[in-house]
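Here come two complexes built around chain A, the first alongside chain B, the second alongside chain C.
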Partner chain A sequence: MSTGLSLDAASLPGQSLPWLQDFRADARVQYVAEGLPTVRSEEWRYTSLASLQKKTFTAVAPAASNQVADYHSQQLLADTWRIVLVNGQVDQRLSMLEGLPEGVRVMSMAAALVEHEALIHRYLGHAMAAIKHGFIALNSAGFSDGVVVHVPAGTVLDKPIHCVHSVSHAELMVNTRSLLIIEENASLQWLESYGGIDAEYLSVAITEVFLAENAKLIAYKQQTESSHAYHFAGMYCKQAPYSCFTQHHFALGGVLARSETHTELATAAECELNGLYLGAGRQHLDHHTQITHAQPHSISREYYKGVLNERSRGVFQGRIIVEQQAQKTSSMMANRNLLLSEHAEADSKPQLEIYADDVKCSHGVTVGQLDEKSVFYLQSRGLDEASARNILIFAFANEMVEKISHRPLHAALLTAVLTRFPKLAIQPVVG
Partner chain B sequence: MSDSTQEINQIINQEYKQGFVTVLETDTFAPGLNEAVIHQLSAIKNEPDFMLAYRLHAFRHWQTLTPPTWAQVTIDAIDYQAISYYSAPKRKEDGPKSLADIDPEVLAAYKKLGIPLDEQERLAGIAIDAVFDSVSVATTFKGKLKEVGVIFCPISEALRDYPELIKTYLGSVVPHTDNFFAALNAAVFTDGSFVYIPKGVRCPMELSTYFRINAANTGQFERTLIIADEGSHVSYLEGCTAPMRDENQLHAAVVELIALRDATIKYSTVQNWYPGDKQGKGGIYNFVTKRAECRGDNSKVSWTQVETGSAITWKYPSCVLLGNNSVGEFYSVAVTNNYQQADTGTKMIHIGKNTRSTIVSKGISAGHAQNTYRGLVKVLKSAENARNYTQCDSLLVGDQCGAHTFPYLEVKQPSAQIEHEATTAKIGEEQLFFCQQRGLSAEDAVSMIVNGFCKEVFKELPMEFAVEAQALLGLSLEGSVG
Partner chain C sequence: MLSIKNLTVNINEKVILNGINLEVNAGEIHAIMGPNGSGKSTLSHVLSGKPGYQITGGTIQYKGKNLVDMAPEIRAREGVFLAFQYPVEIPGVSNVYLLKAALNAVRKHQGLDEVDAMDFLSLVKAKIKTLDMDEKFLYRAVNEGFSGGEKKRNEILQMAILEPALCILDETDSGLDIDALKVVAEGINALRSSERAFIMVTHYQRLLDYIKPDYVHVLAHGQIVKSGGADLALALEKEGYGWLEQGQVSA
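This part shows the complex of A and B:
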């Protein structure tokens, strides 16, 4: 692997902290020993990193260029706070955090390691104790920065914080680590978007989430990396009793993108994971979710949809684990795929692992084409076949967009999805 | 209702009734596995030279392999050198010619199992091959089947009598390189059934093999090969039992089915190997490779299995749908109780056009058992208009057990339509309450609900065996209800 671990000691934040040095050293040992995951690993059987292994990426960040500024101007969303990472470093000038409720901290990981060392020490690495593969090790050993959000008890943020990740140069490896700490009865809306210049680069981002009792997080992920980019992002979440975690995930970009969302639910916690992936060209879009019901009365709902065109490949691996004491669990998982080209491929592996008896769990998967009767119906109303198909495909995808209640984001996503259907004569209705 | 409920209740209160040991003189190899053992095995069976070469080739390959560990089961390492690879009731000089020559103890054992080998006593319409440890001791109705050209005999006999068929088909569906246990089986398999149905023949009776493990410290390595030539039809059933012992015994079988153009094979299994005692001590390790190839157009293979026994069941009866319009079916009920573990399911590989497959899997887990469905539906680019429907339901009885579902779907053909559904739940309080309110005891109600849960699969079994399967179900869940 020549992605060049950024182990250039001076450039990494928190070098003076012995515990962090140990943390990074352990990860480094693991990474050097194991390397990146291979298809021999069950959790990676549908995603080969062979093409990534051949590339050379450097972790040294040059100064940002104007192209990034362009990218950011496109990403500006009304009615949000904003924090921007350029090439893996928080850029305060591009960020906009005025008017945050009192006590809410939104800071760079580098700054937090200096000012709030105890807080970071308490949480860093604790959301994914059991899952550790090469990407996580790579990230732990070499993250250059990230965002730390701390929402104090009882505080509700009424609009999202938009975290913009962008890459300005080709052949860069960007490696960030973020922490979202949401205290009791607090609520956060968090939007991550990923993008960069039209070139090859590798973006690795890990976010650890800690939801205290009755806390709430709505997370949006808008993955619009360049069509040559490699993307790995993981969100690992620990949910205290009665907490609530919702994720809406839109995977649109990247040549090879893997997204992981793992969460562990305590008593009566809830989680809802929604996802949409639109594959075209030679895109490989992999989604790996793991929901662990560790305590009784928790609820999970998961719904992923994929539209796969041309030579793209969509992978969905969803794992639900119900531990022995987690009685009265209710869990539902569904994955629906539209396969539109003879060269496209859909791989789906939903898993139920259940050790408790008083549970209701189900999963369903479909892979298929558009319903010919629906196509015929639209044609009978005067549409040509291509438009009829386009409308139906759009409707299939739009179901996930319609779940977004934040209007500016809804409009942005609708536009992003619609650009995938150029022949469609539908204009987004922004309202 | 009350009659059948009483029956089920009686059955529920029984112990594993097939757990007796038959005392007889046997020829048994000393434990251990090396090339000398394979030479000896091949010699004792009087096999043609090509078989010895095949076995040795497989054995050398097996030595390069390591046991697989991916299944959702906990298992102690098996010492392959501690197992004896051949055990047979002592035979007279030239082997049994008729029932009169078979050791009466063996006959008695089968009688006790409810499988009389005397043709007069047996239900007409079912021919039986009885395999006792490493050898086939009797095959009934051979003559009658021969009249229509059907070959039904122990595979060791087929090796000698039909070498051409064996050379063509043996290992053509499950090659010795397939997996660890298939390689082991190819090296040391001892007996099993061989079936050949000629062109256009509808086999006049059900064919059946009854496997019995009797000797201690032996492994049973059965090999079954069924070939249905063009336009033929056959229904085959296997049953299995073993004595109660504290040590685990290994059963590593390979079953190959080949359906040529327009042929249909229906393969049913009622597996009731000794499952171990209530503490999980002893029992059979049932590690089996079963695969069917629908080679010809319009062929069909249907697997039905009722898995109630074995300490660990690890098998995936599969269909390779090669011919256009071919059909694969898999109906399964897997019941695990106490400390039993099952990791079972199927693979449907769609290659031909318009191929269809149906998977219905019902898992019931009780006590401390772990029950896993693992299945693959793979649609290759060539499989235009492939269709699959999968349903796997799990029922949990008791809060110490586990039920897991691991389906894999891989689709490379846009005209394919693939559906998968799975549910896991326990028996609803409301359902139980309703039954009790109508006058049933809790235990009867559970039996009834469980039987209803499995009905979809039982209706696929030949009638006589459906009855047996229902009885077994009650037996396996004994003590877990209420």
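This part shows the complex of A and C:
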């Protein structure tokens, strides 16, 4: 494959571990046999990787450059811990992990494979046993590093760990695998940011999440890749009874970006998936979610919004599976799209597969333009038409930003959203 | 202040207004009454510049300028205010933000500095009290989830902040219970001045119990078929619109 599946085995971490060699070898066989997913697959029908297939990306990482340092200085968020990956390798010098609660481990995957082999062996690959497409195989076969977080039972982290992924050179393929292991009654806030230099590169990141009973995760994802970058990131989650998983996802960058969030809920577990995608130019922003209600009394809430300008395309595929024994499931899913150009496109596909008979499930999709009555109402109060439209677009998007309670992150996202639509020269609105 | 001469307006080739003549001077209150479909709301929309109407003849002069040529926002900045029959809900935009943006747009147009944040808040809080509204409305999204009465009060609040010269009230009394009607009427009466004119579009006479008009005009089939003083509204209340409409047909 030209997308540079690295067969340079010696450079990958954990090569002395036979089980990991097998794990990687199996994935390599699958990847070589199947390649990347194609639109023939139902789960990929709106997203063609043909343009990616033509590119040549290499997995060998040169030393980081100053441009990455610049990127990081823009990413520093107050009131967070920080772990930084540059070109797919954890860089301890850029990280800041002082003052973590006792017993909490935040380390590179490479180090974890040496120091906590048994822990990694127990979890790696187990959050997505049933989902195996080419990107996952590519990642399993060739991940260069990643982050492992282990929060012991009963421990609560009162501020987020900010995991910064960045790419410093053109034509790189960056491939990372992370594990978040959150034990009983523990709580983690986790923020992933993705970005890099203004060039073509491919970023592949997979995170497996294991929430034990009554554990809690709030995950934020800030996808601000270069406008030429290809991005694939998946978060695959296993939720034990009474656990709670919330994700806030902001897809702003990349020329072609695919994000997957899959979770499986045991008894009375809850998940809330929120997303905002802002497309411009020829961006293609794809979101695939899958929520499996495997046991009774679990709850899922899902809300994705898209604003699509120029020739951009937004994809939302939301799959909800309610298994036969998952009685009393409550599930709500909504996807709302605002098209700002006649050339923009939104593809939205809710998929409900319900095998239980006593459940409450709803879903809704809208694709529309700005409400002209609202535009006129604002004009009739003295605002010019361009400002009126900008305010309404911003208000549509800002609903998702307003869900973020961490103030420094809220401010960063607000700036990112406003920057995405440069004409939005307005002040934050909702007081 | 406002001079409408022989105004004809179409919607999609259909004649809605068919030769309206109306003179409104500063300090006056004009009530426009008429049955459903007579063109009352069209008149208020055309004055505020709502798109979708074709002006096929006649003129509208406002303070000596051609109103028809002005974009809706220019009309607003020049002092024309429409209180909507159905105020629009705008999720994600707070009331206080809209009020401030609107006030500053008007002030900028008049060559004034933007209002200081503290001054603005004390101004808004004073006005909101007179309309018997809770301050929490300021921080809610514009009209979102408001009751019918709350929406109408919110329109009057905007009007009180912007202090327009020409206030057009489109069916402001519709959907109001008697208590809300009194509050809204008091809010309007508080704005009466020798510098300001009002056009009240209404189907029923009951708003006029609280706001006494100087002139009442009856609109039917796109024309003003009768004009008179406040007592004309009372006659209409008693006898309905039928006699005027028939009069028009036979004329």
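One rule holds in what follows: the second predicted complex is superposed on the first by the 426 of 431 C-alpha atoms of A that agree within 3 Å, B and C clash if a C-alpha of one lies under 4 Å from a C-alpha of the other, contacts with A are read in each partner's own complex, and residues count from 1 in each chain.
In the analysis below, contacts are C-beta pairs under 8 Å (C-beta built on N, C-alpha and C of every residue); 3 or more make two chains touch, one makes a residue touch a chain.
Being a predicted model, the structure only gives us computed values, none of them experimental.
**Student:** Going by the contact rule set out at the top, does A:Glu171 touch chain B (first), chain C (second), both, or neither?
**Tutor:** Neither partner.
**Student:** In the superposed arrangement, does A:Glu115 touch chain B (first), chain C (second), both or neither?
**Tutor:** neither
**Student:** Go through the superposed model and pick first if A:Tyr377 touches only chain B, second if only chain C, both, or neither.
**Tutor:** second
**Student:** Look at the residues of chain A and decide whether chain B or chain C touches more of them.
**Tutor:** Of chain B and chain C, the partner in contact with more residues of chain A is B.
**Student:** Just checking: does A:Gln369 make contact with chain B only, chain C only, both, or neither of them? Give me first, second, both or neither.
**Tutor:** A:Gln369 sits against chain B, while chain C stays out of touch.
**Student:** Of the two partner chains, chain B (first) and chain C (second), which one does A:Glu399 touch, if any: first, second, both, or neither?
**Tutor:** In the superposition, A:Glu399 contacts chain C only.
**Student:** Across the complex, what residues on chain A touch chain B?
**Tutor:** For chain A paired with chain B, touching residues are 42, 46, 324, 327, 337, 339-342, 344-369.
**Student:** Can you tell me which positions in chain B touch chain A when the two form their complex?
**Tutor:** 70, 72, 379, 381, 394, 396-426
**Student:** For the complex, which residues does chain C have touching chain A?
**Tutor:** 48-51, 71-73, 75-77, 81-82, 84, 87-88, 90-94, 96-98, 101-102, 105-106, 109, 138-139, 141, 158, 162
**Student:** Could you pull out which chain A residues touch chain C in their complex?
**Tutor:** Per the stated touch rule, the residues are 371-374, 376-385, 387-388, 391-392, 394-396, 398-399, 427, 429-431.
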